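Chains: A, B, C, D, E and F, in written order; residue numbering restarts at 1 for each.
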Amino acid sequence: MKLGILVNEGPYTHQASDSAYHFTKAALEKGHEIFRVFFYNDGVNNGTRLTVPPQDDRNLQKAWSELADKHKLDLVVCIAAAQRRGILDQDEAKRHGKNVDNIAPGFRISGLGQLVETAMIAERLVVFGD
Amino acid sequence: MKLGILVNEGPYTHQASDSAYHFTKAALEKGHEIFRVFFYNDGVNNGTRLTVPPQDDRNLQKAWSELADKHKLDLVVCIAAAQRRGILDQDEAKRHGKNVDNIAPGFRISGLGQLVETAMIAERLVVFGD
Amino acid sequence: MADVKPPEIASNIKKKLMYVNRKAPYGTIYALESLEVVLISAAFEQDVSLAFLDDGVYQLMKGQNTSGIGMKNFSPTFKALGDYEIKKLYVEKESLDERGLKPDDLMEISYEDEDEGFAKKPSVRIVNRSELTQIMAQQDVLLNF
Amino acid sequence: MADVKPPEIASNIKKKLMYVNRKAPYGTIYALESLEVVLISAAFEQDVSLAFLDDGVYQLMKGQNTSGIGMKNFSPTFKALGDYEIKKLYVEKESLDERGLKPDDLMEISYEDEDEGFAKKPSVRIVNRSELTQIMAQQDVLLNF
Amino acid sequence: MSTLHTVNKSPFERSAFISALNHLGPGDALLMIEDGVVGARKASAFAGLLEKTAKNFSVYVLGPDLAARGMAEKDVIQGARLVDYGGFVDLVTEHDRTQAWL
Amino acid sequence: MSTLHTVNKSPFERSAFISALNHLGPGDALLMIEDGVVGARKASAFAGLLEKTAKNFSVYVLGPDLAARGMAEKDVIQGARLVDYGGFVDLVTEHDRTQAWL
């Protein structure tokens, strides 16, 4: 089945990102298709490559990036939510006069329309948040 | 009176940062001393200079930076919490092999001991969170 | 909203999308960011509705004045939803009652009915819990914020 | 913990600091990050105590096994608090009762009493709500997470 | 046409759990995840309500989240069934839609 | 020796409000801020409890937060007093400690 995932909280502070990750992995293992994982609200904070979690803890950004690489997942960070939280790719950084970007590999920044599209095309949408 | 402020949530997602800012400003206007504003948990996200809030919205990072500049405020971002959330200064970025930093002007990264010290030295500690 | 682009690949899909709002405005950003998705979804010509229950009913309060907290008052946007062809705002009666609120405490939100000479009609419908449960059960997708 | 440095300027200050824990572990990070402050504060030789009430009591549950959720099980750290001279963990009885929990469901946490030949003594004290209210009222600082 | 309702918050902390219960329709299922699993505990203040719910609706608890909070199958109310993440996926696909009570 | 208790969450959403009320001691004050202000509404399910509380403790509501949610002094229970941010600061300094029921 074609599934869509919405992640509304950032990593570590709430379990939502962990739950979404484990759910996505389990769905892929069962042979389902993940149409898209959309990161909204604080969920966009999953997409910064600057996190340095403790050595004995999981690294959620890496986990997402590796899962995306392995399964050709589409990880989309909402552009408006990302601007509020300081998540930028190269284009966004340039557009807003910032000297650096911080987007992680495997994530792309795009519009909220991509969430509506996910709701339209995926056969089920599963929401993880606070 | 000597006051300490603890901010446990990031800007925009929760009102905690706004409340802490308005409280701090009001305390300064009344002639109180702010010993330190300590940013913990997601509160560290107040300290990234990469946010680009909508034009018609407040810019909390700028508001803090300007208040700090005007009143010589000590704005401290917890190092451990910042690592988990991807907030780095130049030293931290270098130490962890990251090619960029994102700390905002007026904020400094330091240890949790600075929070305990605030609790010890400030006559009142006011906590803002979720 | 420069990034709105109706998807060409999905132009023949029309789903019933309901945005479920259960949180008060301003204390957290969920109400505002939910409304931002609602506005975007209008461009996709879906069958969109909004549910307000629990503390979500506070989003529709009349006379919101945010000047004292330095945040943007986004409540006028709800009044513009009719222009986006979003006409179905369901408010749960039990949620109002519990909070000591009456329908009169909420903003008047209306749309113009093309089929009846652009007559103004109310967008807000007060429904009871069992009605709302049934309406939710008719949706294709529930988006919760 | 490389950043712990007791402040020289304040070495003569000894305050009663209480960490108030009201949230369940793992669902949010507050329990873990609260514990991180507790450990740091030990280095400052303050009069530290911890309160567990409401969902905070779940932080002390026996037999926590996080292997299935891929998160670090930090509950063993509570058992080490005695080594940091942190010996006062207050658990609210009413919070346990409401949740169907008994003192036996919680981890055994103890410290060695120097004054009594390093005898093992329990660090956890079950107190009722009015006792906890009184203990809170004796603190200099309450840190809530 | 049925809905899978997920609850990720403790009923002792938030009203989301009760709100979810109040909006279950015929054929719906309830899945407790994250901090929500504590609501399934036997002999808790919510146990009676959940047991009653379990007579009319399917009630599931995410096992890995339960274990993290120091509980096991023997600790939860009668009528609640444990699932793992794979079971969570199955529940999503078996119901027509998912409603997350955040 | 008294405590200022701040509550920033709606009593309809979270138990923090009730928990704060259950832990008030002699001379303590309660200040409702952010989403917490909705708990001060007249004729709500919590009005009776708060009115009773206001007989034994000082109860304050942060005015700017109340206005943001479309309410004014006339909408809150008898016995609750409105303060602004400056008044919030005064309450903090007038009490010996602050307890935030997050």
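Assume contacts are C-beta pairs under 8 Å (C-beta built on N, C-alpha and C of every residue); 3 or more make two chains touch, one makes a residue touch a chain.
Note that the structure is a prediction, hence the values are computed from the model and not measured.
In terms of the stated touch criterion, the partners common to subunit D and subunit F are B, E, listed by label.
Across the assembly, the mean Cα position most removed from that of subunit F is the one of A.
At the interface between subunit E and subunit F, over half of the residue numbers appear on both sides, which makes the contact a same-residue one. Mean C-alpha positions place subunit B and subunit C at a centre distance of 34 Å. As a whole-number value, the distance joining the C-alpha centres of subunit B and subunit D reads 26 Å. Per-chain CA centroids place subunit C at a distance of 44 Å from subunit D. Touching of two or more other chains is recorded for residues 8, 12-13, 15, 22, 41, 80, 125, 127, 129-130 of subunit A.
Residue positions of subunit C touching 2 or more other chains, listed in rising order: 26-30, 54, 69, 71, 141-142, 144-145.
Of all residues in subunit F, those that touch two or more other chains are 8, 12-13, 15-16, 34-35, 64, 84, 97-98, 100, 102. Chain pairs that touch, as defined above: A-B, A-C, A-D, A-E, B-C, B-D, B-F, C-E, C-F, D-E, D-F, E-F. Of all the residues in subunit E, the ones that touch subunit F in their complex are 12-16. For subunit B in complex with subunit A, the residues that touch the partner chain are 10-13, 41-42, 45, 48-54, 80, 83-88, 92-93, 96, 98, 100-102. Looking at the complex, you find that subunit B touches subunit F at residues 1, 3, 8, 15-16, 19, 22-23, 25-27, 29-30, 32, 124-130.
Taken together, the subunit D residues at the contact with subunit A in this complex read 26-29, 69-72. Residues of subunit F touching subunit C in their complex: 8-10, 12-13, 34-35, 38, 41-45, 47, 63-65, 67-72, 84.
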